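The structure's right below; bear with me while I get my questions together.
For clarity, chains are labelled A, B, C and D in written order, and residue numbers in each chain start from 1.
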Amino acid sequence: MDRSELNDLAQRERASWKPARLHCCTASGCLATGAEGVFKAMKQAITDKGLTDRVQAVGVGCLGLCGRGPLVQLAPQGPLFEQVSAEQAPSMVGAAVGESPHAAILDTAHPFFSSQLKIVCETSGEIDSERIEEYLALGGYRALHMALTEMTPAEVVQTISQSGLRGRGGAGYPTGLKWATVAKMPPGPKYVVCNGDEGDPGAFMDRSVMESDPHRVLEGMAIAGYAVGATQGFIYVRAEYPLAVERLRKAINQAKKLGVLGSGVFETPFDFRVDVRIGAGAFVCGEETALMASIEGRRGSPRPRPPYPAEMGLWDRPTLINNVETFANVPTILRKGADWFASIGTEKSKGTKVFSLTGKVRNTGLVEVPMGTSLRHIVEVMGGGVEGGSVKAVQTGGPSGGCIPAEFLDTSVDYESLAQLGSIMGSGGMIVMDQTTNMVEVARFFMEFCMDESCGKCIPCRVGTVQMHRLLSKIAEGKATSTDLALLEQLVPMVSETSLCGLGQTAPNPVKSTLRYFRHEYEERLRPMTSTNGRVPLPLRLA
Amino acid sequence: MSVVTLTIDEKIVSAQEGQTLLDVARENAIDIPTLCHLDGVSEAAACRLCLVEVVGTSRLLPACVTRAAEGMVVHTTTPKLVEYRRMILELFFTERNHVCSVCVANSACELQALAASQGMIHVRLDYLHPHLPVDTSHQQFGIDHNRCILCTRCVRACDEIEGAHTWDVAGRGIHSRVITDLAQPWGEATSCTSCGKCVQACPTGALFRQGSTVAEMQKDREQLAFLVRARKEKQWIS
Amino acid sequence: MAPASHPSGDKRFKILDVTMKRHLYQHDALIEVLHKAQELFGFLELDVLLYVARGLKLPPSRVYGVATFYHLFSLKPQGEHTCVVCMGTACFVKGADRLLAAIEQQAGIKAGQTTPNGKLSVMTARCIGACGIAPAVVFDGVTAGQQTPETVQQQLKGWL
Amino acid sequence: MDKLKFATVWLGGCSGCHMSFLDLDEWLIELADRVELVYSPLMDAKKFPEDVDVVLVEGAVANQENEEMAHRLRKASRYVIAFGDCAVTGNVTALRNPLGLALEVLRPVYLENGDANPRLPDEKGIVPVLLDRVLPLHQVIPVDCYLPGCPPDAPRIRAVLQDLLDGKVPQLSVEQRYFG
């Protein structure tokens, strides 16, 4: 396929779209609340009403406000219906031809929607996630075509570097720098790996992107492959995301059929294959060296870095590993330019970030906002705050992150500001806690998570997490003394500094941050020590 | 291969480029504790006891896999490292049931010796006291999981030197165990050649020769390094 | 060379053979092959693990090590029905522990166990990514959101 | 010159540490010049005194009697030494811990394998009630000094006591720190 064929296909697809499209969210969240029935009922209603030439029902990706699903949006520019049922399908189909609908309508002028800036989620919720043609119709694979035909690999790396894009998996390593390192490695087999092992509890941005817009991720990977000189890509998805796996596989097949993946992409000499690899339930596989071990079919145990995957990764070959959201940014950056991307966000954190806003907040779901948006804006304005209460803390970064107390809600959300508060950006989980949340329990919850997910290779993580969990349980149950708290405070830096991989190194973070901001909640649970009766042990008087 | 000069604990030492800090330190009689390192097999970097401070790096680096580099300034016994090593040893002692007084390897145990040398004479954390099996189904050897520290020396020695890959690690986290074949009794593991390398490799009394009682077990850990060296250099008599 | 199929003549081993062949008996296909085996047999019997080890030319201890590392692989038979309670953070702050307690009480077993009559296995998940509709429970592969102790008990009634 | 009020206590242990203490041989005479033995299983004192300078505590805390004794001696003593591996680590006394809580340990012994009249030992005031878990001494009371060994050999014991008599914080050499 060449440029004109690509354009033709896109135009033909656009032309085939009906004047009114009922976008029914068919991502996991809405499917769990019955979206499939709604979707089928809408199709049926269209046929029943004889509107097949005017209206079409489209199973699209995530529409954002998962807490109010199933969601249906009438496109273009129609109302967004919430909590719809199959019974309401005829009414919504009627709305597509101007009748007044009998379904609850969400106010899309609400900041939850209006404050968003969509780059990663640009086409999510706009297109049928299972048809490459719809992605093409909205400009999909243009960026890849442009890279292959108009740019050298070095120019692609240059563009990504200039855009200021940083890794969206958590640590925020400059993406361009990573690409440049892999690109510089001597020629030979190299790999591109997409980390879709989104394991942080409370985070589902990557699931949503993979389910809603799998081609965007594939396109980003292919561009990366071209830039660094790799011909093989792997996308590692956790097995808990079966729908994402299914859609990615479907997408890969479609892309291969059209010649936008496989050998001779867009009839250029560039070959790029992508294989899906499925995890099997191990959080530690989100750590890049463990992930590579898992792709190689081994236990997901991490190994020390250096050597970094960029030098020695999969099968000891140079390997580029980026997260789903990072790759999803790439096509847009290429199409709109590095300067445009760099104009969004803060000085050091460019672009947008997708957050999954959950917990004790009114509006739960996915939001994509420019970097630098304040936590308060996200939680209280977009999220609508806590129903009948107030925010106590916001947890970001999952088990590796921290709890940010309400007094810091005005903090701007960017890599540096969150780190300064003792939390991290992480992959984008944002869990709101209200005054009823017990912070010692929160710390214990995360520690239990890390304890269960520790691979067991290194001792500080394998046993240190168990010991910290015991101490936290003792404190939570009122059985601990100040000695126990002191021990916990000694374990925290020890486990952070001595663990082999990121899991152990960050496992104490939730304890660290809750101790920092909610120390009194620990202290008020301590019991008094056995007294030494005021006797001073040393120095002994000489006898 | 070029030679680099670096400083370890205020001492200026020279090293071959690419040599590990652990190697260089040992050549210069600087003691860095370790439990998972074993001469002759690959590194696991799992016991974290050999972590050292390198000036200019905020992270602690495992000496067993960190390469010596020109001008490097290394500290092996800062107060922080001493404290962390003590706590790591405490973690080892709490994890399983290490009862030196009734152990075959009493006085031939690397864990016991490190506790003494690193000043770990009591454990502040709770002992976990897991209930673990002892497998004496093998004709010559036995494994007492109560004494296993999961250093994986046996796994590596069996795979890399003997080539049998009888041992591996099963489970994960605190539930990890070393296993033979499909975790059946050792005596039924058909891949086992009964070479005994794992027993020699084991730093504690977890793997032992049957028939030895408390404090009788001797270990010759040099034997494995000898094999590797002899095979590589084609020299069996030094 | 393709390994001779299983002496039992069980057709499922043939399907496993096809999966291994499709992956060219590569070592890195181990996890994929184990997924397939679990799908076919319901759980990973030692016999199956040994078969996979032979097929992929891997040491049995390595296959066992991998099979026990990943939580989704089970070496024990599962119940006829499964109920997975998501214990992710979002579900946790919305009371997933109460859901689990209600289920455990109703079924008389703990998470990770199967009822003695083999009808139901209760499990927990680390986060199924359905945080927007927390707390979530997966009944036989179907996710249900915004659950309460009453709704889950209602669902399980017919399964016990 | 006042003599140091010195005590030794035997909790859940085999008394091997006390035997090792007797191995101090003629140094015991020297010790006797410097300390006054106020309480010990080696002598006939019924009650732990109110004011003790140094106490050697052998054995782990395995039952309620041990626990009460530990608290009593801590209140009355200026310097508590965990004496031997059982006191320091739980050691052999704690070998029952992996088997489960007290009842799970007692049941197979006294009930399932009991002969004519299987019953749990429960004479109030005579048979002390087992704690669910055997604990090293420092997990029950604050401890000032650890003297490991099973048993600690006489030179180790002497090293610690000598330092104390000299008014120093006891220091054990690496060889003297071995468990077992």
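As a working rule, a residue touches a chain if its C-beta (ideal position, glycine included) is under 8 Å from a C-beta of that chain, and two chains touch if they have at least 3 such contacts.
Just so it is clear, the structure is predicted and the values come from calculations on it, not from any experiment.
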Any chain that touches chain C and chain A: B
Centroid comparison with chain A (C-alpha atoms), farthest chain: D
Pair exhibiting more inter-chain C-beta contacts, B-C or A-B: A-B
Gap in Å, rounded to a whole number, between the CA centres of chain C and chain B: 35
Distance between chain centroids, defined by C-alpha means - chain C, chain D (Å): 50
Whole-Å gap separating chain A and chain B, where each centre is the average of the chain's CA atoms: 39
Chain A and chain D: spacing of chain centres that average the CA atoms, whole Å: 56
Shared-contact residues (touching 2 or more other chains) in chain D: none
Residues of chain A whose C-beta touches two or more other chains: 282, 299, 452-453, 455
Sites on chain C at which at least two other chains make contact: 62, 65, 69
Complex contacts: residues of chain D adjacent to chain B: 82, 85, 88-92, 94-95, 97-100, 133, 136, 138-139, 143, 146, 148, 150, 172, 174-175, 177-180
Residues of chain C defined as touching chain A within the complex: 26-32, 34-35, 62, 65-66, 69-73, 87-94, 125-134, 136, 142-146
Of chain B, residues touching chain C in the complex: 159, 164-172, 179-184, 189, 191
Of all residues in chain C, those that touch chain B in their complex: 46, 49-50, 59-65, 68-69
Chain B - residues contacting chain D, complex: 93, 97-103, 106-107, 112-113, 115-117, 119, 121-124, 126-127, 129-132, 146, 215
